[in-house]
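Below, chain A partners chain B and then partners chain C, in two separate complexes.
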Partner chain A sequence: MPPEKLSMANDTNSRLQKFQHLLQYFGLTVVLIGIWQGLYHLGFLNPILLPAPSQIALAFWDLFKSGDLMRHIGISVLRVLEGFGIAAVLGLVLGTAIGLSRTLDRWTDLIIQVVKPIPPIAWIPLAILWFGIGEQSKVYIIFLGAFFPIIINTIDGIRQTDHKFVEVARILAVPRFKFVRQVVLPGALPAIMTGLRVGLMVAWMCVVAAELIAAGSGIGYLIMDARQLSQSDVVIVGMITIGIIGKLMDSLIKRLEIRLIRWKVAFSGN
Partner chain B sequence: MSATAASNLTIENLNKCYKVAGGDVDALQGINLDIHEGEFVSIVGSSGCGKSTLLRIISGLENGYSGEVKIGGKRIGGPGLDRGMVFQEHRLIPWLTVEQNVAFGLNGMDNSQRDTVVREHLELVELAGFAKALPHQLSGGMSQRVAIARALVNNPQLLLLDEPFGALDAMTRIQMQQEILRIWEAERTTMVLVTHDIDEAIFLGDRVVIMSSRPGTVKKIVPVHLPRPRDRSSYEFVQIRKEIFSEFFAYVERPFAYAI
Partner chain C sequence: MNTVITRILSVVLLTILVASGAHAADEIRFATQAIPHYAPLFVAKNNKWIDEELAKIGAKPALKWTSFLAGPPINESFAAGQQDIGFLGDTPAIIGKSAGINTRIIALTSSGPKSLAVVVPANSSIKSPKDLKGKKVAVTKGSYAHHLLVLVLKQGGLTSKDVEVINLPNADIATAIQSGNIDAGAVWEPQITKLEASGAARVLADGTGIKKGALVIIATNEFVTKHRDQLKAFLKAYQRGAEFIRSNPKEAAKLIEKDVSLSADLLLKVFKKFDYDPAIQADDIAELKKSEEFMKENAIIKSHVNIDTFVDQSLTREAGIK
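Entry: the complex of A and B
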């Protein structure tokens, strides 16, 4: 808790500190872009291989103006939401069930452990054979990518239930359903949120990978298409867009996490 | 306590041994103890004497013992609502509010009835104003009071206290001892307190059970026939303390003169 009465000196101090933090947050990125632009002006860069930031900005603006960029982003994000949505529902339900039941865990553990390390990209050939190059194959790849982090973290979170609370519940003869709802699930929430965050990141990487290989739209397609036309500036626009959207998704889910797990934020202090 | 009172808790020839890598370790050996209804019994012993194990067996959390543990003549089989327990750590669930934590043990009640019971118990531990607070907003003593309210909410016949004030600072501990005494006098619940604090044991107990270590046995039972509230510095209190001390430590003769 900050003290109620801040003096004027303190106020300017904290404003200065805020500015300092902003500088630290953006500084390195700005400097690197500056150096990159400088190298271009000094003639060190071949614009076909690595265009200057100014050229990339122009390409970005053109794509944005024509509406192409937003269209591709929209398609990719939609695919992610579909695949991630299915993975989240199945991962949470199955993860909870497996976390609560040792028997179910023994039944499913081997298959989960063996399928988990197969990279979603390795599924692309089969996915194309099964579903063609339409939406379904992409959604399937994204689902596979997001599903495992979500289910594994959910199981772990449930298993981490504090044994001390189990004893309290036994002493008080708390029914199992109530115990799961009031203790196990809220306690697993931090791990579940981690699973969802990782799952969303993997889903976003999977959509781009799937689109790079077989698609007629989406950010990955934009990059592949530009490569064939040797438009390296558009390739980099696509890459940067992927990065920025990934970061935004992560921030969004982090904010959700803070809202949901307020007790923990307060618990872990400043 | 009159002689005709029903014997509430009976422990007969209780043995418990743990399997440790090297072999068996006797945690408890030949424990016999009768605790009457409404009695306050303190159990003291050095750490590792099995006093907490004894309490956990009574609570039903611990199995695999030989001998008999009966409540009202019936053998216990696992935990039951006739016994409440307060642990050394408060064990409040961090994401539930104080009232939700107290209501955690209340099952099969309609909402208004539950709210009434919770309110009564928060009033009993003098925390009525903190119903909506989360555990991390409470001090150690307050958290332990909530834990006591939670343990009493089903009106158990027997309240088991496993070093409940051990983690509190000295001031709060004394406050909490007075508090538990007030609750005991109000509720007349049978209480069994495990502690390593000899003063606490004498201040609270009708009897003080002294346990020895490895194997854990009942070494001696010291009755405390002093009116409550007890004065910790009264002659009788100090005499009882000396008697219990001598069970644990060799008596050291104070030399008459000190050399400087």
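Entry: the complex of A and C
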């Protein structure tokens, strides 16, 4: 086969492949939505129990047009960033300290292990008593969700520092601070990034729990409010919005992760 | 492999069947709230009058009782096909109907303009509805107290956009008032009496002159079609309960203390706030229409509810209740 024809055939092949992949990526979702809408038109669905995709799309459009949806998203994202921010700072600082000091680890291990499994929702009664029903109690719940993945992964990351490096540093009498800053922390970075990523996800998932506390705005509030008014379509709009925003947040932090630890891939490559 | 798939499929099928909330023959499922608004129900239940009236027509269904904290959760349960007869405020009843729940109003449980109110902490500087501007006000969204709140705000020339509305369950509003976390709350009995008795709050405005505070008994259309006679027997028992409260309030209060978690002496005071007559009068229908309009205007319901077809007076009439 002449080279030009070969490359053209390859182009068509790869374009076909890309199309196939696109089909596979979206195909299942489209088919399911189609079946769902069909069931509704055939009268098999009770709209309170499961509204039709068309109703949900309409509810989504109404909320978007009135600006309410963006407002709620903005408020929830702000709360999540606040809670996550505090959790990141505390988690990184405490995690590093505990990771570097065996003694501190022994002091704190029990408390951390016992408090860690308590789900943020269980904290709501105390949160209300301590912080009232304003923003602080909501941010506190979100903070709790994000804190433990961050601190645990930070500790692990630091512990993972290769023994060989520790030996070499001791032999070369590297000052502790330099050692931590230039060997331990960079080595722990992948684990720390994982912790931050998981922490952000959990923080976002806690938004609904946090906004159970007498909220007047936010995506979680939107869902609870719609529930009181038997508006299942708005409930589903809220759920889908949470999913999409969560996915966007995750993609953003994944990009950050790749950038920050690019050096590691390059280094191992050599 | 085939047997595994068959087993999984049959479990799934079974779950779907069970979850579809099919109505078993010979049982009546009641959705109630533990509040003094439904006192005749608890009187009739404790005196076994419901069973008596049913026995008179030769029926012996099992009576299943579930207690809820407010109207909206009752709507959820009806939507899931789990209840036959429900007791809730006019507002959540209309919301449920608008959302597509297949029910109708068969009677009133009670009405009482003083049974719901906007309360403020005892030492609050708020003296009239217009002072609520910019304040934190808590209410159970979708309840009949929500309607009252909007009406009270209207009296002060305000709308819900002029205050910070916080959604809380009835009992939590009382706690929030006591702890000073909110500036005002729209609540219903027994919270009003409890707050006043403890000196924690006073009434800013109640339903007098603006909302009759009617609560309703709803039944699924399916139940009305299949068990009309059982419904009428139940309504007769409810009527007996109402009459007993009128003629022997002290005994009635003692009898149902635990059902409404209010001590007998406080309950006696609360009784005075209610008219327990289950018959639906013309002005009740007018009130319901006003509530429906309010909800449609404020986008609380998305589609209109035809009150004339939603309310069914035939059952009370046939049961001899006027």
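The working rule: the second predicted complex is superposed on the first by the 246 of 270 C-alpha atoms of A that agree within 3 Å, B and C clash if a C-alpha of one lies under 4 Å from a C-alpha of the other, contacts with A are read in each partner's own complex, and residues count from 1 in each chain.
Here is the rule we go by: contacts are C-beta pairs under 8 Å (C-beta built on N, C-alpha and C of every residue); 3 or more make two chains touch, one makes a residue touch a chain.
Since the structure is predicted, the reported quantities are computational estimates derived from the model, not experimental observations.
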| said: Which partner chains sit in contact with A:V114 here, chain B, chain C, both or neither? Use first/second/both/neither. | reply: neither
| query | First (chain B), second (chain C), both or neither: which does A:P47 touch? | reply | second
| task | Please indicate which partner A:I171 is in contact with in the superposed arrangement: first for chain B, second for chain C, both, or neither. | result | first
| message | For A:Q182, using the defined touch cut-off, is the partner it touches chain B, chain C, both, or neither? Pick first, second, both or neither. | response | first
| On chain A, what residues does chain B touch that chain C touches as well? | none
| remark: Counting only contacts in the complex, chain B reaches chain A at residues 59-61, 78-81, 83-85, 87, 89, 91, 93-96, 100, 104-105, 107, 134, 136-137, 150-151, 154
| said: Residue numbers of chain A touching chain B in their complex, please. | reply: 164-165, 167-175, 178, 182-183, 186-187, 263-264, 266-267
| field | Touch list for chain C against partner chain A, complex | value | 72, 75-76, 79-80, 95-96, 98-101, 138, 140-142, 164-168, 172, 176, 179, 181-182, 300-302
| Which residues of chain A touch chain C in their complex? | 46-49, 132-133, 214-216, 221, 224-225, 227-232
